[in-house]
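Okay, so here's the structure we're looking at.
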């Protein structure tokens, strides 16, 4: 039952680049993707900085090959998945049991917003083609159809931990001998719906965010997509390329504290991290780097920090939140950060927590502030926590 | 794996201590709506005030299911919902457009999150265990079911709460109607199959189950397997999927005592069921269920409730010739809009 | 002030959908959060919207919430002291 699951391919598009190589370069050069709103059509344009992918819908259509008019969520999705698949270089994909497990939280909401402008004044109005892909699952289908994947297609939505759960579910489908290859991760486009939604919660930072800083003011929303290609041991052995790492641990737990707020002691995040460690057979001291959930809100960072302080007391690994680069990409964040984590463990990299200035009182650790090479890193932990207390942790281990 | 308990809020009188489908509810038009219980008896009024209709339906069925099974905290809570909390989404989206992104209240946005139902159940129970939500169109419930079965198989869980939930709202109904999903002329759900035509009737529901690894001695049925497949190219491929599925369970169609199919009264939609019944399922008693609950992406949860109930009762109440034959194996085959197809196999304990 | 307090109680009940609570059940000085009426952080955000919509009073920092939303009376006082004078 417990066969290992390997990561054979990576694909990412985010505010700091349209490919894995571009993302890595921005991380290395410490170049943030947070900037004033340029593409999203919103009343809050000049109010909140965001992590937009630096391409218009037309440019994304061209890059993805989708016809213009398709949801931005789907275009981002296809671009990242295609990169991941090309990277994995699996020759006979069609002959294998290949699954696509994708996460998102907004689905085709960007187009539904356009539709609703007309529809609300008269429910016979609005172009149906703008609302036909509203559902989260419809976005997954659009991409699956482009790639010709039919064997197993699934969509998960658990708020900001969505794509970590997609990766976990994909790995389990392989471990249970149901699939050979799974492309897993998540996508989300920036929409008015989410921007306004997070604005009602008053947790959007009007400046570039400062995760894990004592003076943090909130989060910046971002967008993008991040996918990993998971393969079974048998497929891994047949590939003529260097694999990135194994997915050695994963766990989901629920904070069960409040619909949106995290518990002060980080019950759910602690359980998720402990569970992932237990599955991988590792001790806290084995973890070399933590890619934090680190949204930059008062609540998240103090809760996550409390759990980390407790679990890693005495042997804190290096850690950082890359959301200072990408913004909080919601349903895509676990996927994008899985890509960053896989690269971190393969190449021994630690990413900086941009704009960190003042440590939070009471925590035994401070995040890394510079990009560095750390060849000794053997295991990387990635955290993703969402609304509804949904907490997931993944562990990536060196081959 | 066993179905230890089931709870179903649907357009029929299925919730609570009701005799099994004795008096059927008739709907004329193009839509069936859930018969909702008095939630105050089921959910703490302090927590209920923010819940929209679908959240109440989901939480009430989930909590009732746990109560029936005598389980305080399940080892996992998994839901499937294609559309999620549509009314909350609609509320926030409409206000955002109408108020031009100004002075918006947070509750509808928070509750619109797709995992709200599974999260609210966890919160009510203080359940820190695995919690997941699938939003995969017509396979949302099947994916949740597979996740639950894998957890039981992996030894990660002994009892899992799993449910399928979707709602119809005024706006979703209006939009799907414009897309041609529903009948243009009013029809009675009792007459849906006597007058097949273009379109079906909209439906909704919330059905939850406790799946257990071990037998309790009072289980409704065993769940043998679930499978979903995506956009088959033709009927031959559907037939092949069905035969592979049955083979994997060391059975064949002749050992199936009852087939439950997803006919919805739309000629195009039902063509595949007709072909199967004529050839592959020939001679096997067959019933369909969407006259009871309407068409919606997670309606297979209603079908599974129906199948489990029939198996618990021992005979099928809708097929006269099977009255004397005890139900040992029931196969459910459904598809939603020809996109996701699914197979669920249940058997007697 | 008394009129404002009475109005506020009705509006709070409506905005927060406090089923089974009547205006007379809420004391002018009764704590709204925690053990009092049992409101939480989401309600505080709802109340901010209520003040903005009904009274055109804007609260830009969520952290001021606990002080202002301590009781119906403190809300009323906040509205009074922040009202835009009639031109």
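We call the chains A, B and C, going by the order they appear; numbering starts again at 1 in every chain.
Here is the rule we go by: contacts are C-beta pairs under 8 Å (C-beta built on N, C-alpha and C of every residue); 3 or more make two chains touch, one makes a residue touch a chain.
Since the structure is predicted, the reported quantities are computational estimates derived from the model, not experimental observations.
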Between B-C and A-B, the pair with more C-beta contacts: A-B
Chain whose average C-alpha position is farthest from subunit C's own: B
Subunit B and subunit C: spacing of chain centres that average the CA atoms, whole Å: 42
Distance between the centres, which are taken as Cα means, of subunit B and subunit A, whole angstrom: 30
Subunit C residues counted as touching two or more neighbouring chains: 42, 45, 49
Multi-partner residues of subunit B (each touching 2 or more other chains): 50, 104-106, 110
Per-residue multi-chain contacts in subunit A, two or more chains: 200-201, 258-260
Complex contacts: residues of subunit C adjacent to subunit A: 40-42, 45, 48-49, 62
In the complex with subunit B, residue positions of subunit C that touch it: 15-20, 38, 42, 45-46, 49, 52-53
Parts of subunit A lying in touch with subunit B, wherever the complex brings them together: 1, 42-44, 105, 107, 112-113, 116-117, 119-120, 123-124, 128, 131-132, 135-138, 140-141, 144-145, 150-159, 165, 169, 172-173, 175-176, 192-193, 196-197, 199-201, 252-260, 267-268, 271, 386-390
Subunit C-touching residues of subunit A, taken from the complex the two chains share: 200-202, 258-261
Contacting residues of subunit B [partner subunit C, same complex]: 45-46, 48-50, 103-107, 110
